[in-house]
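Okay, got some structures for you below.
Look for chain A in each of the two complexes below; its partner is chain B in the first and chain C in the second.
Moving on to the complex of A and B:
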């Protein structure tokens, strides 16, 4: 098959909306949505600021099965308010993870999968959004002792702000070449520190710093997968089947402090970063694409 | 943000509810569900003020071809009339499948 045929055969995951993404991950026909749009659990804060709500507040909770095993997919809709986390959308994620934790503790493990596509906290909901992101983070940390918590950053929004920390707490992180993971978005850095610090229009530079390929090559993501719904679903299944990860990345404090100590901010670039931060062994479940690392 | 209400005579029962679209730039979300009372009710919330007459024209035209007794909720984020008409048609198709 030529590269052209491969491209035509592929079903883009990035082009899917959040609901379709959740459906593509779960076993066919197994998806059941909780707190869907007809439940009208909307943001109480956006109308006060003259902003139109979305009926599900931009987060889809999809229960179902993954390779026959009970699972729940949390998918963030990037088209609504940049996938930002408000009080309601964030609580949907946190409460689902807490229920999954309760199930795990009762001996009925549920595999949680989070499809990150978010600029972080919803600024219009400020502290309420931040507080609930903290709840999401502690739920991930509590859950990952029982089951692998799998995160996917497919793009094109990427994953930023407090939710980038939530992604970093996941047991496994799956990215595409198009995905980006970082604390502050490039536009924010340029705005705050000036264009001499970072030119947010330089796409090659931005992706070489925070793109999925770089994150996988430096061990901050576990798998780099093509933008293909089937391949991403397979990578999620492989990660779930692999079981809990110990120690989690965020528990390897000494290792990362040592790596950070060795960084010289004056000379560091994406190539030297790859050389010093490359993962010692391929711990990633699923497959890492050839071009990736 | 503006809220607009419309009502149209309608008699055909709606088979099942349907949800399509997203409240993203230039797009809209449509929630279509069965409605009692021998009429169709439309509630529009739109981010763009002052286009009530255009909404009326789009919906007038839509209800010349649709007779479902539906409650239609629209959350709009600046969609053009063409996009609105397509999303409405998509919602009807989803409610009939």
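Moving on to the complex of A and C:
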């Protein structure tokens, strides 16, 4: 096939909704949704603010298999409230990870996959959003000792706020070029620190700092994958099959303190960072594509 | 006495004396109920290399140094019969907002701190958060929110929130007054510590304490509360489940409990 035909053959992952993304990751026909729309577990806080709820509160829990192995995919729906984490949507993630942990402890490992697409805490549920994000983080750290916890940041929302910490706690992080990963969104930085600190309208600059390509080139993500449902599913499978990672990136304190010590805050930029921050560990073999790096 | 010392520094020194480490991360031991505990605080750092992180915020160095400090305590106790308590003295205004911070992975630096505190808790250190000032957003996630038990001073200036008032008002397109009014009826949106207590996330709210200039009696009271929290943490599992068990949580986190209640049987069905 020509490059053009390959392009036409692609099925964009980014264009899929959360439910379709989960289905695209799991083995065909294996997906079973838990706490689906018919369970009507909605936010108790949004109606009090005259905001229309969604019956799944923007998180899909999809149980199934990955290459025949028990797995669960947690997919955040960016089309509902920007993928923001409220009490119900966040608890769906935390509670699922806690159940997966229990299975692992009982000797029945379940592979957890989180599809991040979120600006972080849902401000209409403020303190409960923050509280459940702490619970999600706790569950990832506990679970990661038993099975790899695999995160995907496909775009276009990206992954920000407290959930960016959750992504950083994952054993493996898969990104596309369109995905962005950062603690504070560009608009927030411009608001808090001024346009001379960061021009949030400069898309090229933003992606060069926190986009998937840069994150993979500097070891803050493990794999850069094209926006293709099949390639992303294969990368997830390979990462799961690779087994638990120790030490995880967020445990490599000495390494990162050393890298940070060597940084000159006056001159550091995305180009100079690439020279000294190399990818931390090889991700799943054969599925790392880093064209252009 | 508080003119040029932050709340974090005041309470760290009240409970643990002079720090062994310089700003921005204070670390040292103090006595709690007859045993030695490790106290850790984030304080302003005028000499901080990263210019967006000179106040009591969690920036790149703060995140990684928190992780280093907590992990040093874990290593020191790795063969101990009983692991010592770790107390996070919480007075953090926010995470650092800056271009360099995002470039160099502030999210990972904060995650490293989360990871260290959660790991310490999971291996059996009783981890207690003592809120003496603001406990804001990502900074609180990195320093305090992984604790087995959270206690707070009920004093002016202590609060827990996901975003500062002004910024939250901008983002949600409301006035600050409207936001405050909403907090009266929508508990998770409130900026008051009393409302936070109603969410069941606090183990104890400590009243009648001078947060800026604590008396000897104030310090003794806080020490007793911390010791009791340590004892309570040792009785329970090393996860965060205690946050859902209080009468306040039954009422105001009913949805969190309901999700877990209904998910469990569906998870089992095949």
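The rule is simple: the second predicted complex is superposed on the first by the 284 of 293 C-alpha atoms of A that agree within 3 Å, B and C clash if a C-alpha of one lies under 4 Å from a C-alpha of the other, contacts with A are read in each partner's own complex, and residues count from 1 in each chain.
Operating definition for what follows: a residue touches a chain if its C-beta (ideal position, glycine included) is under 8 Å from a C-beta of that chain, and two chains touch if they have at least 3 such contacts.
Treat the numbers as computed from the prediction; the structure is a model and nothing was measured.
Room for both chain B and chain C is found when the two structures are superposed via chain A, with no clash between them. In the superposition on chain A, the chain among chain B and chain C reaching more residues of chain A is C.
When the shared chain is aligned, chain B comes close enough to touch A:17, but chain C does not. Of the two partner chains placed around the shared chain by superposition, neither chain B nor chain C is touched by A:67. When the two complexes are overlaid on their common chain A, residue A:44 makes contact with chain C while staying clear of chain B.
Using the contact criterion defined above for the overlaid structures, shared-chain residue A:54 touches chain B, although it does not reach chain C. Legend: residue contacts after superposition of the two complexes on their common chain; A:80 is shown touching chain B, with no touch to chain C.
Of the two partner chains placed around the shared chain by superposition, chain C is the only one that A:168 touches, whereas chain B remains out of contact.
In the superposition on chain A, A:188 makes contact with chain C only, while chain B stays out of contact range.
Residue contacts after overlaying the shared chain place A:124 against chain C, while chain B stays out of touching range. Smallest inter-chain Cα distance, chain B versus chain C, after superposition on the shared chain: 15 Å. Contact residues of chain A toward chain C in the complex are 34-35, 39, 41, 43-45, 48-49, 61, 63, 87-88, 91-92, 95-96, 98-99, 120-121, 123-135, 137-138, 141-142, 161-162, 164-169, 181-184, 188-189, 191-193, 197-198, 209-210, 218, 220, 248-251, 253-254, 256-257, 260, 263, 265, 268-270, 273. By the touch rule above, chain B contacts chain A in their complex via residues 1, 17, 19, 22-25, 27, 29, 31, 33, 45-47, 73, 75-77. Of all the residues in chain A, the ones that touch chain B in their complex are 17, 36-38, 47, 50-55, 77, 79-81. The residues of chain C lying in touch with chain A in their complex are 49-52, 60-61, 64-65, 67-68, 71, 95, 97-112, 114-116, 118-119, 121-122, 137-138, 140-142, 145-146, 160-163, 167-168, 170-172, 182, 185-190, 196, 199, 201, 239-240, 243, 253-256, 258-260, 262-264, 266-267.
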